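Letters are used for the chains, namely A, B and C, taken in the order the chains are written, and counting of residues starts over at 1 for each.
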């Protein structure tokens, strides 16, 4: 099939960007969306033009590096799927696809479709951990965790940190990301000791990074490639309130 | 740890939501009372019950206190809401060229700012028409004459534009009759809703209420951390049926009732 | 027989006591001195993140570099199935010795006993540590940890978190890392790529890194440098590795004196989604855990295979008697759970014989129909008291169980292929997955360059010629959490007098100039072909001639072809854009340039190893039944390659002595 692409091109964080139109021919339905970009880039290089910069790494939907805003939706039209796992069979011959970078003040564009998500790392550094030094742990089975709690914690922990929640949110809020980590540790006995400090530090850092605040549209949940639930955001709110009241 | 004190809660992103939730849910609660009281407009007593109710609402010290808290709540809800709207816009300085919000969220949830602004305008107009005029403007008085034995109203007489009285309502007994002279807010309502464009304005605004509450009621619980798979359906049903359908529909029925019963 | 240039520094004593004794006697560094000792960690996967976090906890000043945009994206994250540990929680007879034995046997007796035993010893601690960090492993209803079994073993010792074990373990290590970043003990350099090491007076003292956003070159000093940069499977272009996975850090170290161990040992994973076309950029693994419940088969009759390939026959319509469950047939004891190398070769053998089942003829079936209905479906039916369940009932009941166990994998398969694996058998084919070879290290994990260490997949040490499933995560974390924090003390305790060396030192200047020159050279080729063009060609040569099966003449051809391709690359590669900006093509070009050198060495190593062992299968050396034929007499050694000039190498041997395990023919029959 033949596809028309309108892709955001921006040389670096300082210069202004614009859309460029490209035509990609003979796209196979078995190609992944990124493989279609590979083909396009190959053509651009052959033509002596600069290829489109985009972030990607594992190409199996788990590293969280790929980040394209496709036809008005992060990671494209499917639910529970990253850009790298989106295949061209989700599109039709003759389609025009608009591709933009994640847009948020806290995710400045580096080049073309690649953005800087280091704000997520700083939020994690603020409290997304259990303070346990190597070598101090007791036997793993001495901590009993009900299966339901472990499963719930796992669902929250499945977050890949791609930032689709921020990209989807009309407010560029990072609440789903933050709440997933806070929830994982709040649900487990290991996370109890630092429960209050953790949520306060992480929320403070989130606010400092310039993310918007949540208005419960639920767009994050709908677009999350790992189907992280907004129940986590409610839990985050609860954790934060109780931490603030207890302090 | 000064930044962690309790008050800083309210400047954080979560604190802002909590303020919106608490104030919003309080206003929802008020709406229940308001709609219940206003049902008296439908009573075929030439407005006696409604007018008495209006007096009660504006004179009882307890209710008065609550109503001042309510005004404050509305102001906080509106200001905080508008601030959030503007702050959130700053969080995305470059907008998307193509944005498919309907694919992942409901229209109402994305337009709370606009809906809220419509409602703010509505509240100002509404308060001016019925609260300000009632309190400070010139609302005429009506005399109701009720037969004590049967409780049947035999007469409702307009006291004319020049009639003035020290209080909003006076009651007296004379013979077999009870006489009530009361500020006739009912008449104001009736007069206003004779005009089509006022009716339309109210109905449209009730549409905004519906959408605002369709998202807002459920959202308030989420912001307060009350999200539980077992109860979510209940919150959602209450939000949808009571706050997004029954309450706005009931309010909208009032102007329509007067318009079509001229 | 061991080369004088190689000293593995294996401690004396009985195997079971070596590590504990060594650990208790190794030199320590005073906490006050640790603050002045700087350690550079390259790579932020399981090995890198765990090492960096632990060293920072101990008080060292640590800098961590990764080329991804965040430490959390390292490719350890993609590991699916699980992590082994000799906990014996299942009471099925597991022990440290048994894990050690299975690993050595699984590695086809080509790993270093002492390292492997240590790995088994610390395996239990890893699980403890991860659980304490909040890693949400799968649990039983009683709240205890759950286990499953993996290929090549007869016990259940694999801990897992659905099909995302690597992710959960990495996020655990990443959280420990970020905690230290938060305290300031670690400085994190994401989107930085190490492009050279800096040696001063025979010791490794730092690195040159390129800031991938600005293109600037940076000099960083460290008293020691840890390479935790993963494996080099991408030399094959198509592999299950991430697109960015590369050999560059290890290769630059190799060029500066670190010997490369067993480069030809690559693991081909049997259960990957087959190639669909020329556009393919990577291959996706379907977890080995699927082999617990999936039965692997091809049609017995060639005409059936042909009909399936032509799309004329639905595999579900082939009668059980007409199916060849070749693993169960050939290896009745282990069946579908034979080690990866054995399963991969068996698939290739069937496809080469003409029984492949997809359009390219390179795929076999992994079929869940039987277990779904008659194992899980029947179990559920019995549980629910359904007598004489219908086929549909069995399917529905079984589907729920299979969904719970493998749902995410089934979804992923459907997403990629467009075929629903609940109703149709999956198609799988082997693909390059892991490299057992890597930088040669001693017992301390130090390379032949003093002060330069290699951890995790980047070193060669623990898996011999073949790695067992769920052992890569174990090794990465063992090295990072529990080995290097002790063994590095042995070196750094002698470095407390060394003040931080200024990065103005001539060795830094020289190294940076070298890197700059190389980058200039790449940019100035200004040829006509993209980097991928060369990478794909290299991959094809490697896969065909140094892949699942190798022979002397093919390897010799490959060497010549790679040399020729390398020349073409340096004459005709085109890299658009500028050097001093974010330029992914330039990054790729540097990595492919290194692969073009490594590929040749891999072929040389494969050529010298005149035997078949583990992942290295030489067609000339097989039994009559087609099984690998080892030559313990002549090849029980590690080949450690020293680079002596431009694409010139000398091989050194480290003899492998098996004192605690009786070396035997590996049999899974």
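Here is the rule we go by: a contact is a pair of C-beta atoms (placed from the backbone, for glycine too) under 8 Å apart; a residue touches a chain by one contact, two chains touch by 3 or more.
Just so it is clear, the structure is predicted and the values come from calculations on it, not from any experiment.
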Chain occupying the middle, per Cα centroid: A
Highest C-beta pair count, chain pair: A-C
Centroid distance [mean C-alpha coordinates] between chain C and chain B, Å: 66
Euclidean distance of C-alpha centroids - chain A vs chain C, Å: 26
Interchain centroid distance [CA atoms averaged], chain A/chain B, Å: 41
Numbers and ranges of chain A residues touching at least 2 other chains: none
Residue numbers on chain A that touch chain B, as the complex places them: 6, 8, 19, 69, 71-73, 77, 98, 100, 103-106, 168, 170-173, 175, 200, 203-204, 206-207, 210-219, 222-223, 230-231, 233-241, 244-245, 247
Chain C-facing residues of chain A, complex: 11-12, 28-32, 34-36, 38-39, 41-42, 44-46, 48-51, 53, 55-65, 78, 80-81, 85, 87, 89, 110-111, 114, 116-118, 120-121, 124-141, 143-147, 150-151, 153-154, 157-158, 160-161, 184-185, 188, 190-191
Residue numbers on chain C that touch chain A, as the complex places them: 50, 53-54, 57, 68-75, 77-78, 87, 89, 125, 127-145, 161-162, 164, 166-168, 171, 174-176, 178-179, 181-182, 188, 190, 213, 240, 242-244, 276-277, 279-282, 284-285, 411-412, 415-418, 481-482, 485, 528, 530, 532-533, 574, 576-577, 581-585
Interfacial residue positions of chain B with respect to chain A in the complex: 1, 3-6, 8-9, 12-18, 84, 87-88, 90-101, 103-106, 109-110, 112, 215, 218-219, 222-229
